[in-house]
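Here it is: the structure, laid out below.
Letters A, B, C, D, E and F name the chains as they come in the text, with residue numbers starting at 1 for each one.
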């Protein structure tokens, strides 16, 4: 969201539009594809910032959670015609469609991108798994963006790398309980969150999501 | 707002749309013309109910106040093309344009009404002063609505009459301080809020807004 | 909630009271019986609209969720004397007590209804399963209400029928993931949410809730 | 509010009731008399803490401001019968009725106090100007409370003295701009907020509120 | 929180600081150790009251829940150096570290207490299980506090005893569904929440947490 | 705020810290100098984004308004020692001290800047009137930043130029009522907001703020 907001500024090549708007102006429109952890968080930030937000997801429980973020959030099922319609006047689109152990599905076609207003911004968070826009290709922080049909594309694969201080502190807090358990002896074998994460055990592939892959 | 919400229900002849929406659906759209006490209150209720709200007013301070009601409120200057554009896909329009001591200006033309979706609802709160839709004519609680070009019109002149218990208690609390002052002797002549409300004094019209009228 | 609000208006036969109140007036009081999906949603709308809300439910987790809706919500265990006490000065009562595969229990007796103020409104959402007021009988949108002891009763069995546009869009988004899975071949047999919903399988009643019923 | 909350605890002699309530319990009820700076602040704290709040004031604009504090706040005109009714089941009453340059009016009679539940708490913030309960008499932090008809009375005249660190920092920030102006030479004579505060000038009483008093 | 707030007042021996602050002053700082039910609730109250709140917990999901309480809440992993740093300028510390069937770990050392500002307050909610401050010892409502190194300690073992009316109503609502099931015959044996709570069955210790203890 | 957030990212040369934080991390700290329109708006955005915010201003009413923005906002009087102390661990500092018709006072000395952490960001909004940091010098959107003592300085004079679409729409809505009045004939001479803005009238300097300047 923060990168997307910046890219919408005119000196950065964008439309020159403030997402939260001002009295007397329209609010910006943000479309988020996929309401998982990353997408949901983007939608929450966009909603808090005062934009008009549309989130797409297939899971009814996620739609309800997204709608509860605020009255400026609309949560819809990703029928192709709905996605195409909402993209047409979007200012910022966040692609966050992730399918575990699979390539991200390309829910936005090149034709839909062509239909968008020039100066709009696409940020593809699912680029690690192939990206969810047909026009996506991986970039780095050195040259983070490129333009297709007048639309700025942002697809940096290592996004947390922009805020290493916060990222490191957060990931440490998140994994330390597991590290301590691993370091405390063989008892960790009784702890499902850990055993459920084993990919290879005694030389054999044991994780169900990897069956047939390796 | 409550009457408008009811009129949108299909058994009442409306579109059959819930203003606050549900997960997986669009939210309803409410347009409010005029951000004075009545219009501002309507906008606040619509915003609290989860609708997508657009408010028009010419005063910059009112635009700022309206925008602060919530992230689902957009506050715009009433350029004619803006009003026409926003009305096109509105579900409920509240007309609350009041000009002191003058006929309400007709900011919505019959052509704009014709352009609206069938089953939409227009509620004209400024009907006491002539109404702000070209298609408005006064109605009563006995037969509160009529239909023009598929659009339900509500223009009851005595709106507070629907909730007499609340209206009476509120108006009593509001006027009692003034009544007590009036009843306490000639000292009320020093109280500007009261003296400023005098229309005729010693047989002469003294209120500036009435000059040239009577 | 929207229907109930409308029925409280005096032209609709109600008390003439605004649920959210005004400066200088009391707020209206809404009692909700049962904090499942429908009841919880009613309580949330009533709370957002500014009414004084009391919700009854037996489940501690639901009581906590209801209380978290806002500071104007009180969540209580449905002791008979508590229900009777809270109904006495209620303006709107929403009955939403549902027990899976069973008749709704009649938590409100005819005596409690007699004790209420004239012009109050009872809306029985559990009417599909028999209703939770002793005085309830099914109605339709054609003639949605009737009066018992001065209290307006609303008990339309097909409530979503009032907002068909929103209802259809919401239900489509909710069931489409299951339909797609069903249509994708026999693999749906591995999907618990679907298999758990089977009532009859291979000519035999298999759903536990139907045992002894059929 | 903080003192009042503490006094409601049973070890402090109170009812043993939590103002914000818990799931499955009633919320406490706080009545505030007077919506000036002190009373309004008390009401805001009580509302934020989740209590059921009733505020009395004669000024329509203050009633509107109080009501806007939250949906658990009711704002009423202080008709004597209203005050008596609301006090009957109040847990905590804050008296904050101030009239500039005059004794605080005694809006709560001894009879109303007798009618309250034992263990309830009265806090009289207007005690500096005589107090607004008929049963009030000034106390100090050494022995801050006394009991009348089972109702705990708190009427410490130097209330900010309980939090000297915060009080001193706040008052310094508030008066420093005026001190700087006074210290900068005779130009302060042009600054209305300062000249308006002069009581005696050139040996003569000049403040209108003191006319006839001295 | 309410007790802690009271103890910070100067007449009660505290620093004389208002946790929520005033315009022109710093806000008070509250540190909560442990984000279980009791700790989480304390943090929520402190956040609602406007203090600057830091919560420590090892569980990532709890950290996320705490952070969501409000923008004035920081949620951290309890690295020893972090705890020591945050305690140094804390005004109120709530100890709520509970480990099921085990003594509460002493996360705050006597050295850390010595490092705190005089007049600060420590409230040990985990005192029933041994307390989580090295300097804690059980107290009663009769003499609830004692001072170590200038820091007020509060460690009453029966805290709900201060608000018996609310406590009793809440606990009744919480346990009644279980009591009714127990009283309805041997069928309660099928209800996991009840069977999971059995400590001794047929003369044998059966609860896993008691293995090796008895 | 949006520019400042971007500059804190490591690829942009900043600390690599997320202002709103994450579960398990500290929140970023934003200091705002001056609570006028621009500074107050920055503080509001920073507060909404979840940062820890400190605002300095001399006016008591502005301090109260800033504090009301949220519980993560502290509002203080700009004693020099307070400003120096708060800057020391700030991540982003917004300078918005404006004095009508005068050079902005330099409230932040070069020594204070030297004392800040490397990678922090200073944004000087008052640069049009000379800037309020001793180390400020005007920049443009072409090369918007420079570094002093490891601290990134941003001081673009035409800030609204980054979002021309929103800026233009907002300014049009704000000035149109005045333009219409000016265009409607000599009657605008009765409208104080317009007459009060006249600098030169009939060849004479008439605006009080320009006396002695020209």
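Here, a contact is a pair of C-beta atoms (placed from the backbone, for glycine too) under 8 Å apart; a residue touches a chain by one contact, two chains touch by 3 or more.
Small disclaimer: the values here were computed from a predicted structure and weren't measured.
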Checklist line | Contacts common to chain A and chain F (chain labels) | finding: B, E
Next item on the list: Please find the path from chain A to chain D through touching chains that uses the fewest steps, and give that number.
Entry: 2
Notebook entry, point to check: Which one, B-C, B-D or B-F, has the same contacts as A-F for more than half of its contact pairs?
Noted result: B-C
Margin query: Taking each chain's centre as the mean of its CA atoms, which one is most distant from chain A?
Written below: D
Item checked: Degree value of the rotation bringing chain C onto chain F, based on Cα positions, nearest 5 -> 180
Next item on the list: Would you mind checking which chain's C-alpha centre is most distant from the centre of chain B?
Entry: E
Check: Whole-Å distance, chain A centre to chain B centre, using C-alpha means?
Finding: 42
Note to self: Rounded to a whole Å, what is the gap between the Cα centroids of chain A and chain E?
What the structure shows: 37
Note to self: I'd like to verify one number: the distance from the centre of chain D to the centre of chain E, where each centre is the average of its C-alpha atoms, in whole angstrom.
What the structure shows: 32
Next item on the list: Go ahead and note the Å separation of the Cα centroids belonging to chain B and chain E.
Entry: 51
Checklist line | Junction residues of chain B - those touching two or more other chains | finding: 20-26, 50, 60, 63, 76-77, 172-174
Next item on the list: Throw together a list of every chain pair that touches.
Entry: A-B, A-C, A-E, A-F, B-C, B-D, B-F, C-D, C-E, D-E, D-F, E-F
Next item on the list: Mind listing the chain A positions that touch chain F in their complex?
Entry: 2-3, 5-6, 8-11, 15-18, 20-26, 45, 48-50, 141-142, 144, 161-167, 169-170, 172-174
Next item on the list: Using the touch rule from the top, collect the residues of chain D that touch chain F in their complex.
Entry: 172-174, 176-177
Next item on the list: State the interface residues of chain F toward chain D in the complex, per the touch definition above.
Entry: 58-60, 63, 76-77
Note to self: Considering only the defined contacts, which chain F positions touch chain E in the complex?
What the structure shows: 20-27, 47, 50-52, 60, 63-64, 66-67, 70-72, 74-77
